[in-house]
Amino acid sequence: MKTAILLLHCPDKLGIIAELTKFITDNNGNIVYLDQYVDTVDKMFFMRIEWELDGFRIPQDKIEEYFRTLYCSRYDIVFNVYFSDVKPRMAIFVSKMSHCLYDLLARYKAGEMDVEIPCIVSNHENLRYVAEQFGIPYYVWSIAADHSNKAEVEKAEMELLERERVDFIVLARYMQIITDGMIARYPHNIINIHHSFLPAFVGAKPYDQAYKRGVKIVGATSHYVTAELDAGPIIEQDVVRISHKDTPESLALKGRDLEKIVLSRAVKKHVERKVLTFNNKTIIFS
Amino acid sequence: MKTAILLLHCPDKLGIIAELTKFITDNNGNIVYLDQYVDTVDKMFFMRIEWELDGFRIPQDKIEEYFRTLYCSRYDIVFNVYFSDVKPRMAIFVSKMSHCLYDLLARYKAGEMDVEIPCIVSNHENLRYVAEQFGIPYYVWSIAADHSNKAEVEKAEMELLERERVDFIVLARYMQIITDGMIARYPHNIINIHHSFLPAFVGAKPYDQAYKRGVKIVGATSHYVTAELDAGPIIEQDVVRISHKDTPESLALKGRDLEKIVLSRAVKKHVERKVLTFNNKTIIFS
Amino acid sequence: MKTAILLLHCPDKLGIIAELTKFITDNNGNIVYLDQYVDTVDKMFFMRIEWELDGFRIPQDKIEEYFRTLYCSRYDIVFNVYFSDVKPRMAIFVSKMSHCLYDLLARYKAGEMDVEIPCIVSNHENLRYVAEQFGIPYYVWSIAADHSNKAEVEKAEMELLERERVDFIVLARYMQIITDGMIARYPHNIINIHHSFLPAFVGAKPYDQAYKRGVKIVGATSHYVTAELDAGPIIEQDVVRISHKDTPESLALKGRDLEKIVLSRAVKKHVERKVLTFNNKTIIFS
Amino acid sequence: MKTAILLLHCPDKLGIIAELTKFITDNNGNIVYLDQYVDTVDKMFFMRIEWELDGFRIPQDKIEEYFRTLYCSRYDIVFNVYFSDVKPRMAIFVSKMSHCLYDLLARYKAGEMDVEIPCIVSNHENLRYVAEQFGIPYYVWSIAADHSNKAEVEKAEMELLERERVDFIVLARYMQIITDGMIARYPHNIINIHHSFLPAFVGAKPYDQAYKRGVKIVGATSHYVTAELDAGPIIEQDVVRISHKDTPESLALKGRDLEKIVLSRAVKKHVERKVLTFNNKTIIFS
C-alpha cells in the first residue's frame, strides 16, 4: 500500500494536531501512523504522519504544494513530504575496516533496508572485494598524505554523487574528515559512526583514550555530520560494559559490534523518515 | 496548574484523534500532553490526553458525564478520567525484606511520588521499625502455617483498605498469595514485583532456579496481579548481567537492586496514569 | 608465539594452583594467561592456563601424556590440552535466514575468528549465494515434510563432517532438531542460537510467544545442544528493550541483531578455548 | 570464619603466583578466594588472595611484617593486609539530596554493608531528619558563599574524622569541592558519585549539559577523588537510555536511580577490599 509521509515542526499552538489530522482525513486519507511530540522547553511541535495515498483526494504531485499553501505560513511550519514508493539512494564511504560495510550490505541483501546503493566510495583499495561480492560499483580516490589533492578528490566524489542522484551518505568507518562543501551539499544527510560514547573521547583513537582513562563502559555514537567535528545531532548511541582486563585491542574488537549495530539502527531510522533535527538535536519517532 | 487526564481505548477508526482533540480544544482546554497508539494487530486505539482545567468550559465534576454521553457509545470507548489534584492512596504490603519498602518511602519522602500512604500491611513484625522511621501506621496480621486463618486475615485487611480509601496496593516483596476476592476488588490495581525475568522462573525461589539453569542474565518483573500466578500484565522489567561466579546468595543480592528500581518505576507509571491494560498486556505512555 | 592451553576441572583441594602453576614454570614455561574459579557450592576447581611452548622442556606431543600421568588420578582432574597453532574446524548449519551466517563469515574474513570453515550445510538452497560470495562449499540435503528421510540425511551429513574433520558445529538459525546420534558424536561441540531469553519461550516461535505475553524485554541465548530441547549449557545471552508498539514482526527484526551478536560471542569464546562445562552450566573465562 | 585479605601489585615475573600461594598453603592457610590479573601492557601483576586465619602458622599481628620481610623487596611488591573482623569506618558527606544517603543507610541497616558509620557530615541542615531516622550523629558546617571559611570548616571536619577513626569517606551527592589537604589525608579513600558518564560532562550541571548535547544515553560514575576534578580512578559506571522527550528535570530524576546504585556498588567493592588502583585506573576483583 503506497503511503505519503509528512515530517514537520513548528511553534506549538492550540489545536494544531486536530487541524493537521483533519487535513488528511477530510481528504479521505487513511492515517496509518501518527506520532507527535511537544518540546515544552522550546515550545515547539514535531509530527510524523503517514497515510495511504489510495483514494486520497489531492494528487500525489500536488500534496507538497497544497500543504505549503494551506498551512505553512499560517503555522510557521517547516516540513518534508516523502512517498513510500521512492527509495532513497545511499552512498557508502569506507576506508579499511569491513565490519560496518558488511553489516549494511547484509541487511540490504536480506531486504531489511529499503534503499538503493549505487556506489561505494573509498580512499583505499582494501574493501573492493566486499563491493564485488555484492556487485556494487566501488570507486577509489587516494588521498595524499599531505592532503594536497583533497579538494580535487572531493570534487570528483561530488560529481559521482550527483550523477548517481545520491540522497544521503553513510560514513561506515571512513577515516577522513568531510569538508564543509560536501556537508553543505548534504545537510543532515551524512551519517557518521564515531567509536565512542560522545561527547566523551571526541577525535582520534577513542579506544586508546578510553583505555587510558580507565572507563568501565565504552560506547558508539551515530550522528549527522556538521561543520564541527563529532558535534552533530546524535541519532543513536549504545554501550557495552568492559573491565580492567580489556586492552586497547580488545576494546576495539568489542567496539566493532557496537559500531555496526548503532550505525545500522541510525541508517534505518533515517531511511524510514523517522528522524527530525532541531537545534542540533534529533527527535526520533518510534 | 490543575489538569484533567483522560485514558481511553476503543476500536480504531478514521479521524478519531481529530475528533477527540477537538472536544478539548473547542471547549477551551489547553492540551499539555497527548500520546496515542494504534495496535495494528488488534485494530485498537489507545490514548492519554491531559489538559489544563483552568478556563475549560465543562465543570470538573461534569467532564466524565459529558464525555460518556458524547463519545462513549458512538466510538465504543472505555475510559477513565483523573484529576491532577487528587492524589491516589497507596497501601504497601511487605513481609521481611526492607529494600523495596525503603526505596518507595525514600522517594515518597523526597517528593518523587505523588501519593498518600495511609498504611503498611504485613504478615510479620520485622519491618515495623521502618514504618515507624517514616511515621506510617503499620498493621500486622500473622498468617498461620496451615493458612487456616487466611480468609479471616484478608477480610480484616479489606476492611482496613476500605476504611483508608486505598486506591491501589503495592506488594513490596510480600511473600503471600493474594486471593481472588481481593484481586477482584482491586482489578489492575495491585502491583507486584517478581524477582525474575518473567515468564522465566515463575513461582517460588526464582534465584535458585536461575542459578540451577546457569543463565547469564537475571531480571525482575513488575506486573499487575491477576488470578493466575505471576501471569498478569507486565508493567516493567529490567535485567542485570551475572556470571558463573554468582551463587544463589549473590544473585539475590544483585537482584535486590533490580527489584526496587523496577517496582518503583512501575508504581510511578501507575501513579502518573500512564498505564493502560488490554488483553493482559500494558500500554505504557512515555 | 606458539602456546599451549590447558582447560581443566577437579574437586577443589588445598594448594592445587601452586602445584599446577609450578608444573609449568618448573619446566620453563612462561605463563601468559591464568584464570581459575572455585565453585564453593559444588567444591570444584576450574582453571584455564596458557603458556608459551618455546623453551618448554616437555615436547608438545608429550604434554598431554605427562600431565595425565603426573596429575590426573592424583587430583581427579578432567582436562583438555589445545595448541594455538591448531585451528578448530567449524561447520555452519543454516536454513533460510542470512543474518547470522553473514555475521560469522564477515568476522572470519576480517580475521576476527581463528577457525577453518570447510563447509556450510543446509536443508534449503536459499543461502547458496552467500556461501558462494565467500567461496565456501555449500551442501544441501532437503528434509521431507514427514521427516521420513531424516536419518538418511543425518548419516550423509555425519559423513561429510568426518571427511572434513570438523571439530564443532554452529547452528546459525538452522530450523531443524539435531538428533541424539549427532549430539553424542559432538558433545558440547554443537552451538545453537535460540531467539529468546531462555528458559523463557522454549521451542517454536519465541517472538510470537513474547508478543503474546507482553514482555518489555526480549533476548537471545546461545547454548550447547544437548538431548533435551533448548536446555543445554548456556554460553551467552543478551537482551534488548521493547515496548507495546512492537509487533511480532518488529520483534523478529530487533531480535536478529541480538541473535547474531550473541551467537558470534559464543562461537568466539568456544574457539578461544574459554568455555568449560560442568553440571549443564558453563564457566566462561575472561 | 575469620580471614586475612592480601591485596598487592608488583612487576610481573615468572612463577609469582606459585610462590605467593605457596606462602599461604605452606603455612597451613586455607585459601578461600584467589583472583589475579596480569596487565600485559604495563607488565604488572595484581592479586587478591584471602585465606582462613584459623590454624594459620603466622600470628595475625605478624602477617604484615613477615610478608614484607620475605617478599616485598624481592618482588618489588606494594601491598595491604586486611582482616575480615575489622569493619572499616565510613563517613558520609551530603548536601541536600537524600536518595544516595537513603540507599546507603537502607543497605547498612539491612546488613548488606559491613561497615561502621560513626558520622554524617553536611553543609546544610536539610538531611538531619534522615540521620535521625537511623540514629547516626549528623554534623553541619555551613560554608560561606564566598568560601571564606572553607579552610576552617575542613579543619573541623578533619578533626571529627580523626576522632571517629574514619577509614574512608563517601560523598553522597556532596556539592562541594574537597581540598587537596583532605584528599592527601585519605588517598584513594574518598569515593564520589558524579552524575554523568565520565569523562563526558565533567563539572557542574551534567544533566543540563546532556540535555543540551542531545545524547541518547546518560550515565553515572563513581570514582576515587584526586586533586584533578572528576578525573580520579573510576570504580563503577552505569547508564540508562533516554530520548528526546526527556527534559533536564526528567533526566535528573532518571539519573538519581543510577547514582544511588552506582555509588552503592562502588562502596561495596571498596568495603570488600576488591579494588586496587594503579596508574589512575582501578582493578576490580569479582
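Brief remarks on what is shown
Order of writing sets the chain letters: A, B, C and D. Residues in each chain are counted from 1.
Simple rule for what comes next: contacts are C-beta pairs under 8 Å (C-beta built on N, C-alpha and C of every residue); 3 or more make two chains touch, one makes a residue touch a chain.
Bear in mind the structure is a predicted one, so any value in this text is a computation, not a measurement.
Chain centres here are means of the Cα atoms, and by that rule the chain farthest away from subunit A is D.
Between A-D and C-D, more contacting C-beta pairs join the chains of A-D. In this assembly, the C-alpha centroid of subunit A lies 36 Å from the C-alpha centroid of subunit C. If you average the Cα atoms of subunit C and of subunit D, the two centres end up 38 Å apart.
Counting partner chains per residue, subunit C shows two or more touched chains at residues 40, 243, 245. Contact residues on subunit B toward subunit D in their complex (touch as defined above): 97-99, 102-103, 106-107, 109-110, 112, 133-134, 243, 245, 253, 256-257, 261, 264, 286.
If you check the complex, the residues on subunit D that touch subunit C are 14-15, 17-18, 21-22, 25, 30-34, 36, 38, 40, 241. Per the touch definition, subunit C reaches subunit B in the complex via residues 37, 39-41, 197-201, 213-217, 219, 233-239, 243-245, 247-248, 280-284.
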